[in-house]
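Here subunit A shows up in two complexes: once beside subunit B, once beside subunit C.
Let's turn to the complex of A and B:
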C-alpha cells in the first residue's frame, strides 16, 4: 500500500515535470494512452483475457465527444459521462457475446467487433466524416491553451489511475485475478466466471472510452484510425512492453511506445522494425516487460549494497 | 584601464550607428530562416511513395540552393505513418522543436485533413496535394492550400478528352472505390456525362484494397459498355486493369483511369494491357514547360533506376516549389505575409501556370489527360502515352463548399 502511494506520488511529480521537457499536447497524448493501456491491463494482466478490440471503445468515445461538440457545442461535464455511459453499454453488449468463448475465439470476436465498428465509422461519412475524419472539435475556451489542457488531462489521468487501482485492489478486483489464475476453481467456489470476465471487460471499455473522449479534444479532429484495429494492436503493445504483471507497467509502456516511435523515427525511416525487435525480445526474454528490467536492476543494486 | 575619450566615444557611436543603419539589418535579413516540414509516409500504407516524395521535395530545394530570396530554407522531415494520429503528433512536435512554419504533405487525404487542423491551430502554412475536395471546400481555412486539380475539373477534362477520342461512345460503366472521395467523383461523372452525350449505365462500388474484380467485370461485360470508367487508384486500379484484360474486355473496350494515375501505375501494366487506356493525371513527365523539364532531369539523376517522376514525387516537388515561391514573394519567413503573397497569385510551376484562388485556396492548374501508346507506338519502356488534352476549367462556384476562408 505504501509502495503504491509512492508510485502515485512519483507519477504526479513526473506529470508536473513532463510539460517542461515535452510539448504539452504530446505529454497529454502519452497520459491519454496511459489510461488506455492500464485499462487494457485490467482485462489482460488481471483477468487473463487478450482483447484485440479496445480501439472500438476508444474510437466510440472519441466520436461521441467529437459529435457532441461539433453539433451541440455540449459542455465537458455532459460529454465525458455520456462517453463513459455509452461505452459501458457497448462493452456490456460486446463483452457479453465475447465472454461466451475463451482463448483464440475470444480474441477473434473482439477483433471482429472492432472491424465491424471501424467499417461503420468508415462508411457512415455523413456522421463520422469517414476516411477524412471528424474535424472541428473545439476545446472549451478555458482549455484552448495547451498547458491548461495538459493540466486537465493530467488531473483526469491521475484520477482514472487511482480509480482503476482501487477497483483491482477491491475484493471484486481480486476475483479478476482468481478467474485469470484458475477459472475452474473460481467457479467451484460459487463465482460466476463469465460475469466476472464481463465486468472486467466493461470496466476496461468504460475507461478506454473516457480516454477516447478526451483524445478527441487533443488535435481538434477524430481521425478514423482512432477506431482502426492497428490502434488495438498499439494498446496491446504498450501493455506488454511496459509489463502486464504490474499495475503501473502499462503507464511505462505508453511512455516508452510514444517516446521510442517519436525518437527513432527521426533517425531511421524503417523504425517500426526496432519496435518489432524490442517486442520480440520482451516476449522471449522479459515477460514482465520494462518493469521486470527495472526490478532486476533494483535487485542487483540491493544485493551489491547488502554485500558491501 | 584604458580611458574612453569623448572623441573615441563619438567615433565608436558613429560607426555603430552606421552599421546599424546599413550593415546590421542586412545581417539580420540574411540570417532569417524558414523551416519547412516534409511530412511523408515512410511507414504505413503509403510507405512506398514517402521516399519518392522526399526526393521530389529535395530537388525543389536544391534547385534554389535552399534559399527563397534572402530567406534561408531549412528542410526537415517526419514520418506521417499514413496515420492521422501519428502525423498530427509529429507535426506538432516539429512545429515546437524545429520552429516549423511551413508544412508540405502528407499523401493520404484523411491524414492531410487532420494535419490541416494542426496547421490552422498553430498558424502554419500547409500545402497539400490529394483527392479530397475539403481542403479547398468545406474545411477551407487561410493556412491550407490545395495543389491538385479540383476533382470536378479532372472529371470534366477526362470525359471531354475521351469523347474527342471516341466519338461514338455513349455508355459508361463505373468501378468506384467505396469511400467518400470515390462517391464524390462518381457524382461528378454522373452529372457531367450527359454534357458530352454519354450516360452512366452502371456502377459498382468496391472496398479500398480490392484485388479481386471478376464479379464486377462479369456484371460490366453483361451491360455491353462503350468504356469502363475507373474511379479507383493505385493497386486497386492496376489489379482491375489486369483482370479486365484477362477477361478480354480491354483493350477491345477502352479503359479510363480517371484520377491521378500515372507512371507508378502504368509501369505495372504490361504494354498489351495499357494499349487502349485514357489516363487522367495531375502530372505527366512529358509536360512541356521549363520547370517540368528541369525537374525531370534532376529527378532522374537521383532515382536509382533513372525512372521519370510520377505523380507522388511531382506533387512533393510542386508543394515545395509553391511554398518557396510564397516565401520569396513575401521576402520574409513570416507565415502570414507568405500566405498573403501567394493568395490570388499566378505562378509558373511544374504543370504550367498555376493560379491560387484567394477565395478557397484551390490551385487552378492544368489537369492532364493521356492516351496510352500501343507496343508498336511506344519508343521505350517508359514511353507510356501522349498528352492529348489539358484543362484548367475551374469547378463552378456554386459547387464549392468553402463558405468563408476565414482570417489569418
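Let's turn to the complex of A and C:
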C-alpha cells in the first residue's frame, strides 16, 4: 500500500513536470490515454479478458461530449456524468452479450460490436459528420488556454487512477483476479463468474467513456477514428507495452505510444507500420512490457550495488 | 421491384459466398490452431493485390486467380512459421496480438507498394456484360464467381471428408491433444491449416477484385465481417461458416434495398441476436 502511495506521488510530480518538457496538448493526450489504458488493464491484466473493443466506449464518450457541446452548449458538469452513465449502460449491454462466451469468442465479439458502432458513427453523417468527423467542439471559456486544460485533465486523470486503484483493491475487485487465475474455483466458491467479468467490463467502459468525453475537448473535433477498431488495438498496445502485470504499467505504455506516434508521424506518415513492428517485437520477446525492462534494470543495478 | 429484389438476392449470395470462403478459412485456423487470425483480412487484401500485380506484370485474368492465392499461401506460411509458431508456448492472446501487429505491418506495406488510392480490375472479356435471367439481367462475371466459389467449397469438403490429411485437420478441430498423442506432427498440421486458410482468403480476394475493387483498407473492412460469420456459425463448423456467410451476404444486400445506411450494421445485429438466442452459434456444439 505504501508503495502505491509513492507511485501516486511520483505520478503527480511527473504530471507537474510534464508540461515543462512537452506541449500541453500532447501531455493532456498522454494522460487521457493513461486513463484508457489503465481501465483496459482492469479487464486485461486483472480479469484476464482481452477486449478488442474499447474504442466503442472511447468513441461513444467522445461523441456524447461533442454533440452536447455542439448542439446544446452544455456545461461540463452535465456532459461528463452523462458520458459515464451512457457508457455504463452501453458496456452493460455489450458486456452482457460478450461474457456469454469465453476466451477467443469474447475477443471476437468485443471486436465485432466495436465495428458495429463504428459503422453507425460512419453512416449517420447528419449526426456525427461521418468520415469528416464532428468539428466545432469548443472548450468552455475557462479551459480555452491549453495549459489550463492540461491542469484540468491532470487532476481528472489522477482522480480516475486513484478511483480505479481503489476499485481493484476492493474485495469485489479482488474477485477479478480470482476469475483470472481460476474461474472454476471462483465459481465453485459461489461466485457468479459472468457477473464479475461483467462488472470489470462495465468499470473499464465507464472510465474509457469518461476519457473519451474529455478527449473530444482536446482538439475540438471528434474524428471517426476515435471509434474505429484500430483505436481498440492501440489501447491494447499501450496496455501491453507498458506492462499488464502492474497497475501503473499501462501509464508508461500510454506515454510511450503517444510519444512514438507524435515523433514518428512527423517524418513518416506510414507510422502504423513502425507501431506494428514494435508491437510484434514486444509480443515476441518482451511480453512483460516496459515495466519488465525497468524491473530487470533495477535488478541488475541492485545486484551490482550488493556486489560492490 | 421484383427485378431489384431478385438481383439483390443473387448479389447477396455472391458476396455471401466470398464471405463463406473467408469464414471457412478463419474457422479452420481457429479450430485447429485455436487463434482468431487477425491477419485474415489482410491476407484477403494481398490476394487482391497479388492479382493486380499478376495482371499488370504478366497479364491474364485467370492466371492471376491461379497464381495470386499461392502467393498468399507463401505469405501465410511465413507468418505461421516465423511468428505464430514461436508463440505456441505463450498464452493464445499473444498469438492473436502478434497477428494483429502483422496485419498492421502488411496493410501499411500495401500502401507503400501500391499507393493509398484504390483501383479495380476488369472482369475477363468473355465474362464482361450481363446475361438475361428472365426476371432480371445480371452480370456474367458474378454468376461465374458463384459457380467457382461453389466448386471450391465442394472441393474443400471432399478434401476434408475424403482424404487422410483432411481427416487429420478435422481431428485437430475436434481434439488437438488426441492428434498429438497419435504421433502426428502437429506443427505440420498447423502450417498446412494456416496455408489452406490463407489460400481461401487469397482466392476470395482475387475473385472479389472486379466486384468490390481494391483499396488498401479492404482487408480491415472484411475482417470483422468474417468474425461475425464465424460467431454465427459456431466453433469449428465448416458447413455452418458457409451457410452463415451466405446469410450475412443476403442480409446485407437485402437491407440495401430498404435502408442502405444500415446495411453494414444489420449483420452485427444478427450476430447479437445469435448470441442471445443460441450462444454457441447456429451450428456449434459447445
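One rule holds in what follows: the second predicted complex is superposed on the first by the 297 of 308 C-alpha atoms of A that agree within 3 Å, B and C clash if a C-alpha of one lies under 4 Å from a C-alpha of the other, contacts with A are read in each partner's own complex, and residues count from 1 in each chain.
Criterion: contacts are C-beta pairs under 8 Å (C-beta built on N, C-alpha and C of every residue); 3 or more make two chains touch, one makes a residue touch a chain.
Values in this document were obtained by computation on a predicted structure and should not be read as measured data.
Overlay on subunit A: subunit B and subunit C clash in the combined arrangement. Look at A:272: by the touch rule set out above, it reaches both subunit B and subunit C. Of the two partner chains, subunit C is the only one that A:112 touches; subunit B does not reach it.
Residue contacts after overlaying the shared chain place A:280 against subunit C, while subunit B stays out of touching range.
With both structures placed on the common chain, the touch criterion links A:20 to neither subunit B nor subunit C. By the document's definition of touching, of the two partners only subunit C reaches A:97; subunit B does not. Shared-chain residue A:132: touches subunit B; no touch with subunit C.
When the shared chain is aligned, no partner comes close enough to touch A:188: not subunit B, not subunit C.
Look at A:236: by the touch rule set out above, it reaches subunit C but stays clear of subunit B.
By the touch criterion defined above, A:307 lies against neither subunit B nor subunit C after alignment on the C-alpha atoms of chain A. Subunit C is struck by only one stretch of subunit B after the chain A overlay, and of the options 240-248, 276-284, 294-302 or 330-338 that stretch is 240-248. Counting contacts as defined above, subunit A residues 122-123, 230, 270, 272 meet subunit B in one complex and subunit C in the other. Residues 30, 34-36, 83, 86-87, 90, 92-94, 96-98, 100-105, 107-109, 111-112, 220, 224, 227-228, 230-231, 235, 261-262, 264-265, 268-269, 271-272, 275-276, 279 of subunit C are the ones that touch subunit A when the two sit in their complex. The touching residues of subunit B, counted against subunit A in their complex, run 42-43, 50-51, 78-79, 83-86, 88-90, 92-93, 96-97, 109-111, 113-114, 117-118, 121, 132, 134, 139, 178-181, 183. By the touch criterion stated above, subunit A contacts subunit B in their complex at residues 23, 25-26, 29, 122-123, 125, 129-133, 135, 219-221, 223-226, 230-231, 258, 261-262, 265-266, 269-272.
On the subunit A side of its complex with subunit C, the touching residues are 50, 97, 100-101, 103-105, 107-109, 111-116, 119-120, 122-124, 229-230, 233, 236, 240, 270, 272-273, 275-277, 279-280, 283-284, 287.
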